[in-house]
């Protein structure tokens, strides 16, 4: 369990901003921080990892005090078993991809972890290249793998998938989810992608100007009504066309496009670009196997 | 120095102006006694400072009397400084169409005249006396360039950066330089005699016996002859 | 009794030398930082070479080269009307050559450490290489510039061998503080030498400290 | 009109890769480059802007030759009137936000552009701050505004919105679209977000391993190819249970679990872990809007 | 006719000095690059101060300090059994102090130019400050290290005033090449001086050129 109760003055867009966090995060959960640019998401991760020192308050992780301004306890980042994927990747330019990952291993950890990871992020043929010549997305994959290599208790991800294309993004989402579960990690993710958030997270925290304005499970927070029925997907409205008295909304879900009939009364509220949930009550699916 | 198969060895600290004569002196000394010598050639000021801080030198051959005196006063010399030779001052030029003379110094064609720094080098002090005697100092002061030692003054003259310069007779008589440029000797009475003295250093590790031998050698007939060849005058 | 003129001359020489070095080193370093030429390592090496000769010997070679008896010295004298031996301009030229590596290497190192995209962003905006160098690249390598300036300045203040050789120790013209101090030490006037040293030390200390303080504040403002 | 006909050898993941482009882009269009990480998208923008020199070929823009290996013509980047938003922002650390924008102005251009832009990207209160203290998203907004400040003919955007939250992202999409139209820009965008691509672009180019494998308008490419009037999703089989004569397959799609009845004849071919497509003919989906 | 021992001694001195300087400067520069202490600008300034005194005068002060007549010299002599005047160790100590700024400033400048996140990434991985410094930070500032090494090495090769004063010009022990050349020039043996200079020049040129070539290749491999 992570108990955060801290304050930190930041220099925000409009003068000083107080980042005030009072949070209890359950062990093993995948928590997402959501909020506008400049809300304090990155700063929250830095405070938790020890890279930024709170002005006052307490951080207690699994019963151990990491920070306590009263007792003058301040565990340095080295002592906090944390994996961190930085917004700017922060790969070590002097090391190849493989060396970056191997360097992250703790003492006595198995090098096999690393070769598994390299396979999973599909960078096998790049493993002896230096980060400088990699594309943005390749770099981001390396950064993610490196943070996982050290098998941390807590994984902090600062928009780890922002620069990735849909295919590799889905793959890495799966991988994050799998690692998160397999290793019993507590993961804190920063993401702007609502689909991704709903897919991955157990708990979402809304930050606004340094304050937590709402939190809860993603369904509660992002979907107005609680949807009954099992089958639901998040998507985005691409087009709304009027056809006689009804409207037809074209919705993008994953890579598929669905056309949904929308009533006149509902259409007022819907605009192109809106995120929506597509759900259904009656549904008779058929399976087709994918070859390959 | 040369190899004579004996382990005895002394270190002789020598002022820059004696560098030509000292090589011949040491050769003759080693031939006579079999004692080898290391030469350390530097400015008198530097050598004095080093000796005071325990430099492993056995004999200090200076270009004047001031520095040996200082060492003696500090209790580092075995005996008071003793004059082994008097230096002579010359006016030297490398420029072909200049005939060195006192009168030419004031000529407009002469831009620079090199002298050793009168504050620290005896030949510089002597040069100033000469200029004062001819009442030239005020007129040509702007042309003077100062070498830190007699060696540096020589370099100003040899590179012809300074058209003329005052240096020691021993320099222009040195075998390497005999054919170079033209020079005149200045009359002795125009400056105070440049008395060069020597002291024997007293420190724990000193090679007292050998250094004494060298000290004595410096006043031998043989040594005086060598010194005379190099243009020094000696008491006879 | 302290003669202030050597001190004034020293700081004048150091300031002029540092400014000229900046002017020369900026284009040279920029070329070195960008170039992929085969000549680059050779030039990089040559820049450091004046350092490996003892200063008085280097000064002697300069003396030979600058002497009006010599083709180069004569040419300078006739065409520019500048006499380089035993004159302040000569001191400046010699000091510049001698301290060149202290300015060039740090600036080059700073420039090649900047992310390439910053330079590229300016090019794409239509900014010339020159504008980019002065408005974007140099302002972002202030610590490197500072290192170059401090090293060159301090080195010129303490320079002695080259200056002595080429300058001829003429009071008020080429007799800088380092020579004055040396003179006093040689003359066994340790007291006066100490006073000179202390003054030189104190003034330079204040100048450099001011530079570093301003720099420190500047960085703090940046939130570093 | 932009005519690109160039080759460039790149060091790709699996050895050398030839980026071969043969393209004609119409003036005033908004073109999106789409493709996997390492496909050559960023390199394409660098070649067009003059930051990378093609091995051979031609680039002709609005009748003017920018590059021609035969005629040895190579217009430097300075002479190409291009705006570029870099993947790593490339803001000038020594200048404030305002100065970054003003520096980008050409000679004689109006400073009013800049103040308009600052308002639009909502960084008014930040304008006197140095980039170093801005959050990732704030930096990205500044980079976008800076590229627009110079009023280029061609705007190159290397994932300009990747780090933004949904709200500001929508806003900036609108702004890109508006500027693109108002100034008659030809815009080339790199994006991984299909919704964004469909919303913004006139023309999409699919890159794969340095080659253009498909191009056309986004509807053609993303919608028609995927849709067959049916609703279908890819998923993964989690479990297959026998119930009397039929089998029930549990399939994971995104985050949802669906149970599908499978016939005896079909089950032979299906195993746990298989990728499958779940589709249906009869489907009455309902839309729920997501808040956020 | 050439006596090789001064040349050998020179390169030995330059190599030993450069290595010791590296060892000292790395922690010092790392501290300076990280520190927000008020002392920082003062230390930065102090590091450069030995430069501002003429080398012979600095040598004179070292001579005084190291002399066994003095508390410090006596202490070193008694406790470590090292005699610093007129000995090779003394030359090394003096050269190290004198060339300190040429190593410290470039390294500090290189370290403070690295993006902070690289260091932070290593800390978060549980790597100590030391491991981070040696495995991550230093390997990424090779050009700065190179600048430091080249400047220190070249400067020590040419060093003369300090070495002359503290070393006493004892053949085979403290008579380095710079002094030997100086001697020959002073003796007006320009021929021998030129030969010595050329050899010193050539060897140093080759060493530095090799360093720059290796460095250039290395950078090319990185795709820069």
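Letters A, B, C, D and E mark the chains in the order given here, with residues in each chain numbered from 1 onward.
Rule of thumb we're sticking to: a residue touches a chain if its C-beta (ideal position, glycine included) is under 8 Å from a C-beta of that chain, and two chains touch if they have at least 3 such contacts.
As the structure is a prediction and not an experimental result, all values here were calculated from the model.
The fewest steps needed to get from chain B to chain C, moving only between touching chains, is 1. Shared contact partners of chain B and chain E, listed by label, are C. Seen from the Cα centre of chain A, the chain whose own Cα centre is farthest off is B. Averaged C-alpha coordinates put the centre of chain C at 50 Å from the centre of chain D. Work out the mean CA point of chain A and of chain B, and you get 85 Å between them.
Here the CA centre of chain A is 50 Å from the CA centre of chain E. Chain A and chain D have Cα centroids separated by 20 Å. Within chain A, contacts with two or more other chains are made by residues 11, 88, 133. Chain E has residues 56, 60, 185, 223-224 in contact with two or more other chains. Contact of a single residue of chain B with at least two other chains is seen at positions 46, 49, 152, 155. Touching pairs of chains, sorted by label, consist of A-D, A-E, B-C, B-E, C-D, C-E. Of all the residues in chain E, the ones that touch chain A in their complex are 115, 117-118, 120-128, 135-136, 139-140, 222-224. Chain B makes touch with chain C in their complex at residues 43-46, 48-49, 66-67, 70, 111-112, 114, 117, 119-120, 144-148, 152, 155-156, 159-162. By the touch criterion given at the top, residues 11, 13-15, 34-38, 41-42, 87-88, 123, 125-126, 129, 133-138, 140-141, 158-159, 162-170, 173, 192, 194-195, 198-199, 222-223, 226-227, 231-234, 249, 251, 253-258, 260, 262, 266, 269-270, 274-292 of chain D touch chain A in their complex.
Residues 49-51, 76-84, 86, 88, 90-95, 103-104, 106, 130, 132-133, 146, 150 of chain D are the ones that touch chain C when the two sit in their complex. Within the complex formed with chain E, the residues of chain C that make contact are 36, 40-42, 44-46, 48-49, 51-58, 60-61, 101-102, 105-106, 108-110, 112-113, 116, 141, 143-144, 146-147, 150-151, 154-155, 157-161, 178-179, 181-182, 185, 193, 197, 200-201, 204-205, 208-209, 212-213, 215-216, 220.
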